[in-house]
Each structure stands twice: as structure tokens, then as C-alpha cells.
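Each of the two complexes below includes chain A, the first together with chain B, the second together with chain C.
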Partner chain A sequence: MIHLKSGSRRVLVVLVVCIVFILPLMTLAIRSFQSNAGFSYENYALLLSQSRTHQAIVNTLLVALISSLIATAGGVLVAVLVAYTNIPGKRWIELCVLSPMVVPSYVIALAYTTLFANRGLINQALVHWGLQRINVYSFQSIILVIALCNIPIVYMQCIDALRKVPLEAEWASLSSGHGRLKTLVSINLAQIWPTIQGALLLSFLAALDNFSVPALLGITSNIPMLSTYIYEKAIGFGPSAFQQAAALAMILSSLVMVVLFLQFLVSRKKFYTKSVLAVSEVRMKFSKRGKWMMLFVLVPVFFGIYLLPILTMVMASFSRTFGMVASLSEFSLKNYEFVLTSITTRSAFFNSLWFALISVAVCLVFASMFAYWRVRRPQDKELGVVEKFIAVPYALPGIVLALAMIFFWSIVPGVYGSTLILLIAYVTRYMILQIKGSTSAFRGLHPELEEAGISAGRNRFSQWIRIIIPLTLKPIMASSAIIFISVFTEVTLSSLLAAANSKTVGLSIFSLQQAGNYNQSYAFSALIILFILFIYSVFLIIRKISVHRRKQHDINP
Partner chain B sequence: MTLILKDISKRYGLTEALTKVNATIEDGEFISILGPSGCGKTTLLRIMAGFLNPSEGELYENDRLISSASIQKPVMRKNFGMVFQSLALWPHMSVTQHLDYVLKAKHLHLTSAQRQFRIEETLEKCDLLSLKNRLPGELSGGQQQRVALARAMVGNPGILLMDEPLSALDAHLRISMRKEIMRIHQLTEATIIYITHDQQEALAMSNRIMVMNQGKVQQFASAEAVYTQPLNPFVAAFVGKYNLFSGQWHGDGFQVAQSDFCFQVSCPNDVFRTLGLCPLRPDQLDFGSQGVAGEIVFREFMGQYQLYEVKCDQGNFRVEIEITRVFLAGEKVFLSLRSNL
Partner chain C sequence: MKMRQKMVVLLTIALVLVLAACSTNKSTADNPSAKKGSITLYTSQPEEDIQKMITAFNKTYPEITVNYFRSGTEEIISKVMAEKETGTILADVLLVSDDATFESLKSADLLMSYKSSELNGIDESFYDAGNTYTGTKLITTGIIQNTDIIKEDIVSYKQLLDSRYDNELNMPSPLYSGAAAYNLGILTRTSGIGWDFYEGLKKNHVVVGKGNGGVSQAVVGGQQGLGIVVDYLAIRAANSGSPVKFIYPSEGSLVVTEPIGILKSSKNADQAKSFVDYILSDEGQKETAKIGYTPIKEGIDAPEGFKSVKDIKVLSTDLKSLVEGREADKTKFSDLFN
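Presenting the complex of A and B:
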């Protein structure tokens, strides 16, 4: 596909990657040291002397630390329950725990504001009983909602690792006389400890990156966090507000760097195990009574945490007046009518849809070429470094990337202020996901399969269509699905980069809520959840069809 | 502690892994469970260890029922050591930590000093002192095997269950570990139940051998009995490497089919009589002036004897001959009974 013999072509690729993925961040770094007097530490000095900055840094670190501890504890606990025990309803538990992958974090936060609205049922009941109201616009809520959103990260890593702990390793412990619980802690959890540490760091990073939850729950209640503080500075006025935003972004990035370094240390400490297959046997059997006792506890907890807020929000979306649906007379489809007819929401929907489709397409094309090159020519060592460059915009927090985009691409005329800059930002951020997916897909494709196609005399193009693409479709599509959902629902990049004509879904929901049109924001959120479920089903169907067609071909000789 | 198996059967869906296994294992015996891959040995060991429930039947320890189809959680017995075929070492613990973990079990009531002493003692016995701080990932296959054995022994268990513990070792190491296990048996008088598919190992180490095939016990007797008096053709062929001549039993001996020769032996039991098979070991045969006609196809030099493979009308048979007499491939010979029997 690419004739890779010339070194000049490789130099070109490295150059392009540096320009697109690295230079914006370097520009950001340089501009953070800029002030009216030229190159100086002024911005940092000013910021670090202000208590608001201290508060923001402390809040950010505390939120990240506590939420990742909670997410890790919760994720490991549920993973153990699903992987090892015989409780019924594991499918439902998994669906609930993984629901933050379908429902964006700001919708979850929005749902909780509905549940704990000042005039909502829960707070009314508390007041009635003489207790204090629960304020959802608080430090604690930010921690809890972010923890909830990051549990899937921990869950997915740990459940696979837990299933791979050999049964016989447990039996060796049980046979020496230790109890079931001691074995679980000293053998199973101890063996997956590096995985747990890695998951903790990942959710810490995700918490540092999170913008929408602190924005929704923290701005109005004046809880400064680095991500929202950067946003405030960037949209604010003042002689050096923009440069100060850059300085704050650098401070946040250095926190991220520390965590990335810790990740690197942890990833080197993998324990030796022979390649093991995951086992799904039940290892800890609850008695019949025990099973129902567990359900008795789990069902209300899961319902209360995952389903109740969303249900409350959906019910409120059918209400004519603000607040929950008090009676049938309050029932109205007015909000949905508004969302489906208003120009702002409709254009937001189609904007996000186009952004998602185009981003997926662009990432697919370039990542596939890059991945193919990487896998087929392992001797081109610089590709490894190039891939690391491409990963940087995903590793850094979204708000930092947004700022870097502004600083860099405003040099090029016609980019800033148009839809182009947001599109560039999306591709810059999510390219690495497609590269990872495509690389692993191509690694699984034996070169002899392609050579057989070549020797049959067909040209390169038909080879791609008939051989390469069908065999690598599934893992590649998985990455595309993640990119699609991420771009469609994202709000951090669009908060700084969206122009008047390129508002996105996330931004639209935010604006509705900030403007006080709560019920409409609920209606829009509900519709978006439905749409995301629809997209997931489409991808599942594509997967099922491609597997089914493969099976058919296997039967025919 | 006597282990009693009553009609133990295990089914997985429609497949019978074990069928009506009955046995009594006395305290302090060394029992080998011998059989080809897939005959149910590991399943039986897991039922005896308490990790699996039988689909039918009961398992008793002395007079206490410890496992049956209806008992949901088999009683976890305290005092046994187990060596797994996969070794199942804990990748995050060093050699010393493996032994320490076992000794920390509450029912042992050992002080820290006692644990230290026991660990050092066991490490020395298994020649692991120089490796005591290494992780399993830093050990060779043979060293890992010794760690698995040390872990099973360190708690001085009354019963040791071993699932093909030496199968991954080279011949030299296998022989020295074999001696070590037998020494442990002598010293501690523990009951040892040892799974292997190597008949030489079983014959060398055990008091009694349980020969299994396709989930059924074929014979459960002393090593000598299983070797010299096999109960059926499977045991004969698997353990003693018997030749099986087909033909007809009658009063004085065995008439070999497709030949006019008659072996002057008595019929071992009714199974052979009904099947019309005569089991004869390679060392019970000789090349004589008359007998079953055949042609030599292979000669293997085994050190103490030559092993000849002879092609006859019925099939191929193996004969052991002293190394002083040499025969060549292609030579026509007659198979008869060795005269000094």
C-alpha cells in the first residue's frame, strides 16, 4: 500500500506526527512562560502565590486519590463477586457496573442532581425527619460520581486477571489448611496486585482528566479544581489570563507525568505466569440462604446507585414544571418536543454525529496504514517512538489538549473558530486508540495469508477488500466503536474549541442545565442514552454478522 | 487414618469420568494410581482431596463420611499435602514464603521460631537452601518441582497426594526425586497416593498399585501381584508389557491360533480363558528349535538384555534375550517358553 523503501517518506511521517501531536503541546509549554515582559516565570509565580490555585491543586489531588481508591475497592469487590461466586443475576450486575461506558459522566452527574434536588423526594423526606438536606453540589459528590464513572476501568482489568488465577493455586492454599477468605486475600488478590495497582493509577489519571463532573457540580458551588480552573482562565478576561491558563495546564500535566511514571514502574513488575486461559468456574459457593442474603443487599444498592438516578431524571423529563413528576396532570412531552424540534439541539446532535463519523473515518484510514506498517516492518524502530508521540494527547487531560490546540492552530488561518479545530482535536486525541486496535488486529494476521493473495495474482486493493479487512474487522471495529462513543459524547474539548456553529451534544446538555432549563436537559440526556444504546446494538449486530458469515465460509469446503 | 472409597462415580454431562471405584487405603501405605492419560486418575485424586464431589458414592475417612454427592461443600481436611501436576506455585511468593505460608495455618499452632526451624530443615532436605529467596519465575523446572514437593511436605501431613509430580523432570533428576519421596515415606510413615502413567515408577515405589483405564479400576493389588498376576489383558499389557497370544485354552495348555504350537502354561484366570488370550512376558519367551514361527524385525539393545520384536502370523511379539546370543533382523525364529521357568 505504501512503498516504504525511501527514507524520505519515513522522515515525512515523523515530521507530520511531530507537527500534529507534539508541537501543540510544546507551544502550550512555551506560552506558559510568556508574559508582557517576554520569557518569564511570572505566570507561575502569580498563580502559585494565590490560595485559589493551592485550593485547586489540593482539591484535584484529593478528588483523584479518594475517588480512585473508592473505584478500586468497589471494582475489585464486584469483580470478585462476578468472577468467583455463584450469586444469581451476574449479567445485570455487570450491566449496571459498566453502564458509565454508555452513559456519559455528566449525564450521571445530572441524574444525581435530579435525585437529590432540593425539592426532590429524598431531600423532602430528610427535612421531614428533621435531618439535613444532602447537597449534591459538593466536594463529596464530585468524588463519588467520579468514582462511579471509573469503576468500569478497574472492573474490566481485574475480572480478567482474577479469572486467570489458576484453580490449583487456590487448592494448594486450601489443602494446607487455610480458610477460603485467607486464600482469597493471600493468593488471588496478592497475585493480581500489580493489576490492581495499574487499575488504581488508571482511574487516578481518569479522575485528573475529568472536566464535566467538576464543571457541573463544582463551578456553581465554587469548588476549584485544576481542570475547571483552566477553563475559567481560558474563557476569562484579563491581560494574561490565557497564559495563566497555560501555566495551570502545565501544572496539571506535571501531575499526570508523575502518575505515568508510577504506571511505568508498576507495569514492569508483572509476576511470571505461564500463559493461562481464563477460567469461569465458580470458586466460592454461597449456600442457598447466603445467595439470597447477598441479593437482598446487592439489589437495593445497585438499584439505588445506578438505576434510581437515571429513572428519576427520565421521570423529571416528562414533567411540565421543574421537579419530579408529581402527578399525572404534570405529565407532558413538552420537553421532548422542544429537544426534537429546537434548532440548537438538533444541530448539536448532527454536529456530534458528523464529528464522530469523520473522526472514526480519519482515524481508521491513518491508523490502519500506520499499524500495518508497524507490524509488517518491525525493523523501522523509529515507529515505536512515533507511536509514543501519538499517545501523548490521549494521556494528557482533555482540557490541556484543548488549550494546546488553541495556542497552536490559531497560527493557521481559518482553523480556530471553525469546526476544523474541533475535528483536529478529536483526531489528535483518539488516534492512538485506533492504532492500538489495528495493531493488535494486524498482529493476529499471518503474513502468509496476504502472500497467498499476492501470489494468486490479485492487486493490492482487492487484497485489502477480500482478505485483510474481513479478517481484521472485529478488533478494528471495537476501537472504532469506542472512538465513536467518545467523540459523540465528549464535552471537555468542545467546551473550549466549539464555535457558534459547531456546538456538540455534551455542550448543549451543559448549556441547557446552566441556563436553568433542567427538564429539557433531562429529555435530551435520555434521548442521547437511547441513541448510544442504538449505536452499541449496531456494532454488536455487525460483529454477529461478520462472525456468522465467517462460520458459513468455514462450513463450505 | 484409613481412606475408604465406596462406589465412587463421577459424571460430566454424559461422559463417565469414573465408574464405581471401590478401594480401602490403609494408614501409611504408598499407593500408586497408574493408567494412561484420560483414565480418571486426576479426577479420583481431586475427589480424595475434597475438591470435587462424586456424582455417586461416598468417601470415608476412618468412619467419618467426608464426601458424597449430596454434601455441597466437601469437608476440607486439614492435614494433607498436595503436589499438583501443574505445580501451582504462587508467583508472588519466594520459596521461603511458600513454606512459611503453609506453616502459618492456624491448626498447626507453631511459633515463629518453630516455623523457622521447620523451614530450614525442609529446605535442606530438598536441596533448596541456596534458592530460598527466589521467586518461582527465577527457578528452573526441576527446582520448581522441588519447591512444590517441599511445600507439600513441610507441614508434616498425614497424607500426601501427588499428581504426576515427576513427569516434567529429566531421567536423572526423576530417579533422585523418586528416592527422596520414598525416603520421606519411610521417615514420616505418611500415606502417599501417587499418580503416574509410568509403570516403572509405580512398580518401584509402591506398596500397592491401582491400575485404571477409562474410569474403572482394573486391578488394585501389590506391585508383584500386578506385575506377575495381571487380572486382565489391559493390566497385562500396560504394566508388565505382556505379549498377548490369541488362541484356545484347553486342559494342558494354550493352543496358539494359526500355528500348531502349544504353550505349556496354566490359565491365569477366567478372563483370559474366555477371551482366549495367553499373557507371556518378553522375559518368559525364548528362541527355540520349535514354537510359534516368526521373523525378527527389530533389535533394541537395552543394556542388560536385547529386546527383539518378532513378526508372526498373529502379530508382533517382543522377546528378551541375553546379550551373549545375537540374532539379526530378518532371521527366522521360533518363539517358545523359556526353559528355566
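Presenting the complex of A and C:
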């Protein structure tokens, strides 16, 4: 183990963190003030005088606000249903609601474009009944799809908090004569109000960061949003385009900073539920009739929102021509053939796989060392600041980070244009996730256990293998799983940083759609969903085996 | 300790030897098919097409790997310019839509002059006098019509402005597609068409997508009934049974030659030249026709459904004003459609 006590090592760590996590963003800030004549406000002045910029800012804020309100309402509603009621099929509901965590947002957006295709089934039916067609390439769809993608954020936060609201408070309210609904609002929701606020802000941030949904649904219908506007500038022509992209990135970042500040204010008021146990008792019982009525409403709604678009997309992927398979004669495996044999999609798949594995490995090693240090030496106060620095690239929108990476790492030869810059970008962005996971894992590990190991004669290394790792594996692996999925399906960073030999899955699907090869993008998306499900089931099987083994071990020590 | 030191020394020597062996350039001048290496190609050709071309290329040159990046012409040029600004241009070869694009690269002194041995049979109007770029095929832009949706005969661009085609039009964006940018430059400088044509299209709520692929897919799939698109996408779709047909408009056709050029900064010039030679060779041109384009070399037949260049009425204007006006044209288009 590293000797952490040496002061120079601490300085080194702070220095490295600053260089990797903070300097790129400073470079971005500096570049935004650059013009041909040196330091100037020119870029900002020009941009802020253009109506397209105003439009982009307004659109971005509106989308973020409305989608986060919808996501919060939806997330809280489902969380209450799952945490408190006795409706059947909770596992399926949870699976559906959390599916946007594994299915990338661009796949969801793609799926909706097939469902609401101009001459697809739904629109044909609407026209038949004399109604207006639904245009999926619209402002409203962007809001709804982003809301759908952010519901899991709200759900995860609220479900735990809901379960921790003390039953006694509810009983007190109920026995004073308040109805069930009034209790729900004035006790449960009131108690988790700070959590709801926090979740709202988180989904607001996620909406600000979202690039793929506005890119897929907004570019062709000319709905400017800051994230896609930055992208367009960055790939635009001319020397000042880059600086303008930088200025736009700073504008977007300042919006993010405001939200982060609000988050900080909210988190201070948070009700500390650390020492309270979560209770999974059913608190709101529906009658048998009530249960079935709920199901009657919920099943079609969930099917329609979550499964139907994906099914439509899969069906379209088997079509020889564009759009849905109208008849058996149009059925063809051509698209899958292309995706499975094409050099680009195959290399994209393996690239993304490698990126994901390497990112997870690097984050694991460094984050675990950092987390261990943080937990075991709370007297090193500067680690708190260092952790905040590491969190910055994750808090900022992906497109901003991508631009910062280009500006900063192009100074080092051989980085830009190679796979290295993408790797650096991934590690920079997702390191904080692993740190959070590892920190909470180590916090749950009592030092006495380690000391017991030492006094029993084990050396440091076997201590890690026998004691520390088995006890902390689950929470650490949970973070690694999130990082793996995020890197594997990532598109925002790849859009600006990928080169000819480092295409990624997300970028590949995006490019196929942009080039008009819709059916191939559907086929590839379907295969990726299959792959993710496969990884997930492997994960579950491994967990089942390890639990089984542990049980066996307990029985036969 | 002494043993350890010996091991370190031995390993270092071994490492140095391995590195030295790897960096030795074997002479391949006399045996072209043994040419090794890799090149990076930036192209606006559809993915399937460029992959087929690379596969065919590798039959003759199995040891040269072609890594490619595919996007719309305008985005590719931006990427090259951005790379130039950050210091290293990663592309070796460019294969994008039109000469005007290459002219601006030429004036920025980014292109290598290479006179291919395969120029015989290619009309000299199709390649640069300084040999910095050479046309590889003939692509015309015209109208695609979904005959299930639009039953009447469509013959001209002007017809598209009729109000009955409101919400039935789709076109590529000059901000992404080089061919569309080229067309914009020419059409707005052609009397009788001009910017009024584009304003008329806007009145009919034309969907401005990204590339030609999107236009073709949209009309083939019935999203819109009419589109302005390159010939090969429409003709191939018609040949494979889709209910579409391609029309050469009565006003005239816009012809691009999708030139190929090598970047001056390329570190793989040798391999790049082999690639250029292959595309321009008889074999490469036959492959081009097989994939579904009108070849540029005389003596190679165009595939079914394609008109040969002598049967096409070509709309053109002077190249210099096209090149100079391109950025302004794109900005004006962007303002018009925003």
C-alpha cells in the first residue's frame, strides 16, 4: 500500500487532479475569451446578439424545466405506488421505469421516431379519424422523451426516502382523523420534500446535459438547444467557430453552476435518514377490485410508453425498406447482415467494449485508493476539496467536457485523434461515480475488522483479498456497473472526440441515423439492447452463484 | 541483486531490438501487392458503398488497411480544418462530393499534387490541372418521386413549388451535404431559379434533413412524396423494387464528380497513391459501376437506369464564384430556413 503519510505525495495527488480534472475546463474558459485580436468579449457579444442563441438558451431552459417537472411528478407517483401499495407486478413496473438507465436515450428517441413515423400506424390512424398527425420531431417530444429518461433518477431517490418515512408519523396522522390521501401529502411527501427538490434539480441537470435526444429530434426540425448548438459550432467551419463553441459552453456551464448552487442549498436542509431503517411494509392497501383497476390502467400505459416503441423499432429493423414491415414480403435480415458484417459497426462494438472495460479498471484502481485514503484519514481535509474537483467534469454537460478535452489535450502530441483522448475523457467524467461508490463501501467497513486481520498475522495484500474486497464488493461493483453501461453506450463525448479508428457504439448509431440509414440504426440498437440484457443476466447469475456459495460456506465452514 | 540487474539489461536489449525490427521499412517498390501500411480516409460516400470499395481495393492490395471516417462533406471539411488548427491532420485521403470543396482546400495549400498513372480515359475537365484532385464518378442531382403517393408526372423543379405539394417535400441540407451546397451555389446563380426557388420550397414547408440518405429514405418510406436527391440513391431504390422513380429535371441536372485527393501532410503518401490509382483504374471504375454509380472513365458502362453524361443537360456556373460564394450561400440558406 502507498505510504500516504508523506506530504509530498498529497501535493502530487492534488496537482494531478487539478491537471486532469480542472485545467481542461480552465482552458475552455480562456479560449472563450480569445479572438484574432487576443483577449476580448467578441465571442460572447456576437453570440448573445444573435436570435439563434437566445432561442437556444430559452429552449434549453424550457426543456429542462418542463421535463424535470414531468419526470419528478411521474417518478414520485410510481415510487409511491411501488413503495406503499400492494399492487402486483412491482418488479415489472420497476424494470420498466428503470429501463432508461440501461437503454440509451438515443435508442429511446429512435424508437419513438418509428412509433410516430409520418406514415406509421399511429399517425395513419389519427389521419383516418380526422385528427392531426403527431410530429415526433418537435419541441414537445424532446421534453417528453427527456422526461422519460430522467424518471429513473427521481424514482431511485424517492423510493428509498419514501420507505424511510416513519410509520408512526403516519399512524399519528391517521388516528387524528386525516384521510389516507391527506396523510400521504402532508406527512410522507412533506417529509421527503427535500429529496423531491434534490431529485428535481438532478433531473434538471440531466436535461441540460442531454445531447442525443435534441440531436436526434431537434436538428432536422431546427430546434436549437445549447448542447447541440455547441456541437454544430464545434464541427462548423472557420477558426472562430471553435471559440464561439467555447463561449456557448461557458454560457451552458453557468446555467449548470446556478443549479448546482441551488442543489447545495437544498441538500443542507435534507432530513437525515441515515440512521433510519427502510421499511417495505405495505402502507396503502387497495381492495381486490382496486388492485385490478390499477393494473387495468397501468399495464397498457407502461406497455405503451416503454415496450411499444422498442417493439416498433425492432419490427422496423426487419424491414427491407424504410418504416414498418407492412407485409411478410418486406421482411428481411438485410439490416442485421449489414450491421454484423460492417467494419464500422463491428469495430464500434469492440471499441466501446474495450473503452468500458478499461475505464472501469482505471476508475476502480484510482477511486478505491482515493476512497480508502479519504475514509481512513478524515483529518486530510484537502481531500474533500479534491473530491469536489473530481466531481466537476461529471456535473458539467458532456459536450462542454468534450470541447475542453480537445482544447487541453491537443497540446500533448499524439493524444487528439487517437483512442487515448476518449479514454481520458471517460475516466475524467466517470471517476467520481466510482469514488462515491467506493467511499460508501469503505465507510461501511469497520477498521476493527482490518485490525483483527493484521493482529491475526495476515499481510496487507491478503487482507485486501480476504477481508476488504469481499465485504465491499457489492457497492463497489454497483458503481462499476453504472460506469460500464455509461461508457459502453456513450455518445456525447464520442461525437466530438472519436476519430476514424475509434468509433463507438453510440456514435455509430447516431451517424447511421444522421446519414439516413434508419433501418440499420434500428438493427444495431436492437442488438445493443440484447447485449446489455445479456450482460445484465450474466451479472445476476454471478450474484446468485456468489450468494449460493456464501450460503454453502456458512453451512459448511 | 546481480541477477536482477542482468535481467533488466537483457530485457532492455530485447525491447530495443523488437522496436527496431518493427520500425524497419521493408522495400516494396517492386512488389506492389506487398505494400503494407494503412491510410485514413475521410469520405462522404454512404457506408455500404465505401466498404464495398475498400473490400475490392484489398483484393489487389491486401496489406494496406483503410480506416475511414464517414460524414457529410461539409462536416468532413470542418473536421479537417479543426484538425489543422490543433496541429495534426489525421486524414490521408479525402473522397468528398464536389470540385468546389477541393478548390478551397487547394487554395489553402492542403493538397498534394499527384498525377495518377490511371488518368487515361478520364476527360480533363474532371480533374484539376495541377493534379491535386481527380473526379471518380458522375453523380447528378434530381427529383425522387414516390409513385404511390404522388401519381402525376413530375418533370421540373418549378413544379415542386405548387401548393398541392405542401408538406410533401424533402431535401438535403447544404450545411451537411457537399452536393447540396454545390447545388445551392449553382441554382441560386441560374436565372429562372435563383433564391426564389428556395423561398418557394420553404413556403411548402420542405423538410431540410441532413444528407441525401435521409431524403431517399424519407421518400422511399413514404414520409414525403417528393425529394431533391442524388441519382444513385433513387435509382438503386427503384431497381430494388421500391415505389419510387428518379427524374432528371427539365431545367437541367447538377453534376458532381466526387473527387479524390491526397493531403499534403499525409505520412502514408505511398499507400494513399495506391488507393487513388485503384479507384481510377479500370477495375476500380468497374467496381464503382457495380456498386451503382455512373463511372467517370470512358469505356466503362454505366449501370441500368443511369443516363450517361452525354444525355444529361448539365447546369453549371463558373467554379471560382461558386468557391468564393459558398460560405455566404450557406449562411444565407441557414438564415432563410431558421
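Simple rule for what comes next: the second predicted complex is superposed on the first by the 536 of 557 C-alpha atoms of A that agree within 3 Å, B and C clash if a C-alpha of one lies under 4 Å from a C-alpha of the other, contacts with A are read in each partner's own complex, and residues count from 1 in each chain.
Rule of thumb we're sticking to: a residue touches a chain if its C-beta (ideal position, glycine included) is under 8 Å from a C-beta of that chain, and two chains touch if they have at least 3 such contacts.
Treat the numbers as computed from the prediction; the structure is a model and nothing was measured.
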Touched partner set for A:Ala478, first chain B, second chain C, both or neither: neither
Touching partner for A:Ala500 - first (chain B), second (chain C), both, neither: second
First, second, both or neither for A:Leu420, with chain B first and chain C second: neither
In the superposition, chain B vs chain C on chain A residues touched: C
Touching partner for A:Ala73 - first (chain B), second (chain C), both, neither: neither
First (chain B), second (chain C), both or neither touched by A:Ser176: first
First (chain B), second (chain C), both or neither touched by A:Pro166: first
Common interface residues of chain A - those touching chain B in one complex and chain C in the other: none
Chain B residues within the chain A interface of the complex: 49, 51, 72-73, 76, 78-82, 84, 86, 88-93, 101-102, 104-108, 135-138, 151, 155, 161
Residues of chain A that touch chain B when the two form their complex: 166, 168-169, 171-178, 186-187, 190-191, 193, 271-273, 285, 287
In the complex with chain C, residue positions of chain A that touch it: 52, 117-119, 219-220, 222, 234-239, 241-242, 321-323, 338, 342-344, 406, 410, 413, 416-417, 499-501, 511-512, 514-518
Touch list for chain C against partner chain A, complex: 40-42, 46-48, 51, 54, 67-72, 74-75, 77-79, 81-83, 85-88, 90-91, 176, 207-218, 220-224, 237, 242, 327, 337-338
